Amino acid sequence: MNTLEIFELIKKNLDAVVSFQEEEGPTPSIYVRSDWVLRVLTYLKEDEALSFNVLMNHTGFHETESAKLFWHLFFDVSHDETEGHTHEEIRLVWHLYSYDQEHRVTIESSVPVGKCEVDSVVSLWKSADWLEREAYDLLGVTYLGHPDLRRIMLPPDWEGFPLRKDYVSPTSYHNVDNTPSEITKSFEPKGKSK
Amino acid sequence: MMGAYFQNIKNGFTTVFEGMSITFATMFVRKETVQYPEVDITSNKTIAEKYKGSLMGMPDNYRGVLILENGLCTACQICQRTCPIDCIAIENAKCDKTKPTDKDGKPVLNRFTQKEAIKTRALTRFDINIAKCMFCGLCEAACPTGAIHHTKQFEMNRECQEDLVLRFVSDGEKEIAVKRAEEIEAEAEAKKAAKAEKEKEAKEKEEQEKGAEE
Amino acid sequence: MTSALKTEYLTINMGPQHPSTHGVIRFILKTDGEIIHECDPDVGYLHRGIEKLAESITWQGFVPYTDRVDYVCAMNSNLAYCMAVEKLMGMDSEIPKRAEYIRVIVSEMNRISSHAVAIGAADMDMGAFTPFIHFLREREHINDLFEMICGARLTYNYICIGGVNADVSPTFLSKTAEFLDHFEPIVEQINRLISYNQIFIKRFADVAIVPPKMAIDYNLVGPNLRGSGVKFDIRKDKPYSIYPEVDFNVPIGTGRAGTLGDCYDRYMVRVEEINESIKIIRQCLKQIPDGETKAIVKSSIKPPKGHIYFRTETPRGDTGYFIVSDGKTSPARLKIRTGSFTGMSIIPEIARGVFIADLVAIIGSLDVVAPELDR
Amino acid sequence: MDATLISLGLNPMPAKIISMVIICLIVLIAFVTIGGVLTVVERRISGFMQARLGPNRVGPQGSLQWLADGIKLILKEDLIPDGADRTLFKIAPYFCLIGVFGTMVVFPWGSGVMVADLNVGLFYFISITALVVFGVLMAGWSSNNKWSLLGGMRAAAQIVSYEIPVGMGLLVPILFSGTLSMGGIMAVQGWAPWEWIVFQSPFTVMSFCIFFIGSLAEANRTPFDLPEAESELVSGYCTEYTGFRYAVFFLSEWANLFVLGGLTTAVFLGGGNLPDFLADYTFLSVLVYMAKVSVIIFVVIWLRWTLPRFRIDQLMNLSWKYLLPGAFVAFLGQAIYMLITQHIPAVQTTVAVLMFLVFVFILIRFFIRVRVNMREQQIPVNSPASDVPLT
């Protein structure tokens, strides 16, 4: 089953706020409003014809200038009004696969930077546990209903979320100096900022 | 139940027997250890003949310490931009337009365009920080004239980090290059001034002519 | 009677500097004597922020970093990233045929050396040191061959976007063929030395059983998944590169010495995969065509906007590269979902009620590699 | 020796004491040297079995490596962890040392070459080696380290369990010889292999196997090295030890290996017995004895570098479900066998020769396998021949 058929199924059976996105990149994806994520994913897992029994990957990325065409899902605006506007958000991606039906689908959603909250899907797939912990650790997304939401890669007292675009790496951590040496500084290319 | 009990004992003895025969056999086959600093691994003939064949020593494309052949470099800075970890630093200044030549005096071709390479800028600084280099070979692949390339040298421990910065342009060369650049600048300046003078003169002449006409 | 006695669990810290945690992984164990009651893996000691680094490096400049993601099988990491980028750019059909064959040969060779290390390390955790050294001896020959084609022994940077960095010589091919003839009996010999050993079988059989359903739920991948009896191999089921053109089997766990999905099954799947890889390489050596080894790629590529999740079969299971491009010279986001990561996440579940010595066996049989886990 | 001293003009009592001290010193130094040399031997053999060289720098072929190691260990800082039980921590290594070195009282160095041939020699041997377990347990407990504690507990459980099969295994030679004295047991055996106790009947072979496996476990050798299991418990009971104390543990471990070999040789393999016409040459007897001990030590080291390790419950299974019933069967079987054949020496000799022939047959089988495995490893790889391209 390809993504479009799955999209039609969701739309027919669930009446969810979803949108289909095909324009960008080689893999089409289904766009779901963040408060519908758990319901849509539950449907995808439990429907017999779909039976997505694996969560291959889940992650997110920080979009500083997202000119999304789906604003009408969030706000009560028409499609044309959003043109030209940009929006800062954390985009979340779920990659699902089914060993029984041998098909895959990409589910996308996004949350605003100020209020990064989405439902946890640990109850559906155990593999979501660590993947969500990693997204929480590096991107600062809070998963509601996650049993054990702690930092996984970084130490518990780390400040900030490194994979956000506005993250500035600290100059010291527990009195360990992190400033580059004179030699390193002299090698930094001019006019190239990191 | 009882069968499994005796099967376990039997399997235990037979598999240990087989395993012991293998370890015992290994005692009498060739030892793989090469006692490195004493055995010259790059040229030892006995190793080659015994078991390495053409794999003996360093292969031709071995990625050791980087080296720059100043004569070939056109100061194009492609290697600096390619390097993922910024371990190459290049500064340059204007120079006379020349064509770099290799050892035999033949002009060097640009590897990508197959045209003769042209040098318009001279190096005033070419440093490689070997302490940071990860020997990925991207700079070597990107260099159009083959000036920067890896050597087979791999022993590179030094006393301090400063010694690991390889400088390929000496202060003397830098001074000459800077001086020459200033000269060129001055010449260009002079040319420009002369040209301006000429134009001015021409203008004045014109005006004078104009005035005379009036 | 026993309920009246108040007992307290012993909290033990295993790692980060522990001989058998394969790098730096830490476990906080709550044990009842030697029996583990609760196990909490603490990872991240090797977190180098490679995903963050990718956001400031050019697309081609990131290839050497994939070597460092998993240095036990750097060729496979190279391949996974390069194929993902090629797919994103839509140039996956332009790769020359010879380059595809070389890619498969080197990545299967690397699979052999990676499995050799995995098996050897599992043996060493069980207290048998000799098989590990024997496998390392064989791995050196593979490293020699790789050094011959790309000039490096561990971090190859050989596969690049658009093909491979250098052509292979006919000598390399003949030497590879000779190596396979040498290696095939050695694998069987080391099996006789350790894998069929009664003590070893007793240590691995019936330990940490992962039923197929649980394996899928935790998204175990690669040999760990196949050890649980799920016949899924991306090379076979979602084939890429030239894998459809070669003939090989997918070994799965069958409960050889105990229950389906125990440590011994996972271990033996790896051993059998070595033999399958030998088979694949032999076919490739026969079929390899002449021709170009690299498609024409600009020196500074800018893939179109969009994102991709691309999976390849590496020795530690399917490695997925999730890449987001915003049309600039470096990726906007790059996430690597590795086999060790999911393998590690199942440990708290299966390490309940086993001995401390069994936890070592579990880590060995899941083939967890710390750099790949933490990235 | 005291006779020589008396002739030099000393009184009998001081002369006896002085000669005792001298003998003790000689044996002590011999033990320390043997323990040290065995560490090098083990490392060299393990190197060869893994197709590498092992230590070969200090002295000819690395033979003085143990001296270098010893000096290094003595020069190291002596650390006692915070919160450790200092007294127990300090004396623990010496319990191990005493347990092993105490055996030298009855240790036979050849036919009739012993410090003291006690009439309860074997009994003394078993009881004095039991002191080792106290040392290990103390070290594990006093280190204030959980890994050490686990190692100590494992060691205690293991050594206590394996005392029983070892003791039961030794009953068979005692039954055969009718004495507990080491000299006595050696004296009933002859020089030829079929006169050794091990080949007397199927039951003696069985008891030999049980005794050998059991004493491997008592000496904490792989596959029974659970107390220090370096891949599980880091280093077990000696995790926290450094410097000289660690050296003492090491020394007693390797000296224990020698003791194991010596006891096995004396009790089962005919000791240093020589044919009658050579019986006067004590030196030859010592040589023969040492050669046999070396073979046993080689086998123990060889096993260590071949086998993986047991798990604690499997270890207990092996002891209580396999070795102990086996030892009972061997003991009863040997008793019945001796009762039936006691008046027919011809049958006894035939059975003994038969057992020896079976052993020779197994050896031949073994060397055939060794040859096959050697051939497999010698298939060329990366050879100059393969520089020629494939056609």
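For clarity, chains are labelled A, B, C and D in written order, and residue numbers in each chain start from 1.
Definition applied: a contact is a pair of C-beta atoms (placed from the backbone, for glycine too) under 8 Å apart; a residue touches a chain by one contact, two chains touch by 3 or more.
Values in this document were obtained by computation on a predicted structure and should not be read as measured data.
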* Structure fact -> Taking each chain's centre as the mean of its CA atoms, the one lying farthest from the centre of chain B is chain D
* Among the chain pairs here, which one is joined by the most contacts? -> C-D
* Cα-centroid distance, chain B relative to chain C, in whole angstrom -> 32
* Structure fact -> Whole-angstrom distance, CA centroid of chain A to CA centroid of chain B, is 41
* Structure fact -> Between chain A and chain C, the Cα-mean centres are separated in Å by 26
* When the centre of a chain is set as the mean of its C-alpha atoms, what distance in Å lies between chain B and chain D? -> 59
* Structure fact -> Residue ranges of chain C touching at least 2 other chains are 130, 134, 137, 144-145, 171, 175, 189, 193-194, 197, 199
* Asked: Of all the residues in chain B, which ones touch at least 2 other chains?
  -> 8, 16, 18-19, 22-23, 26, 32, 52-55
* Let me know each pair of chains that touch one another. => A-B, A-C, B-C, B-D, C-D
* Residue ranges of chain B in contact with chain C within the complex -> 8, 11-12, 15-16, 18-19, 22-23, 26, 32, 52-55, 59, 61-63, 78, 82-84, 134-138, 141-142, 150
* **Complex contact set, residues of chain D against chain B** => 45, 48-53, 302-303, 305-307, 322, 366, 369-371, 373-374, 377-378, 380-387
* chain D-touching residues of chain B, taken from the complex the two chains share -> 8-9, 16-33, 35, 48-49, 51-55
* **List of chain A residues in touch with chain C within their complex** => 24-27, 53-57, 59, 61-62, 93, 95, 99, 102, 106, 125-127, 129-131, 138, 151-155, 162-163, 194
* To do: Please give the residue numbers of chain A that touch chain B in the complex, ascending.
  => 181, 183-184, 186-189
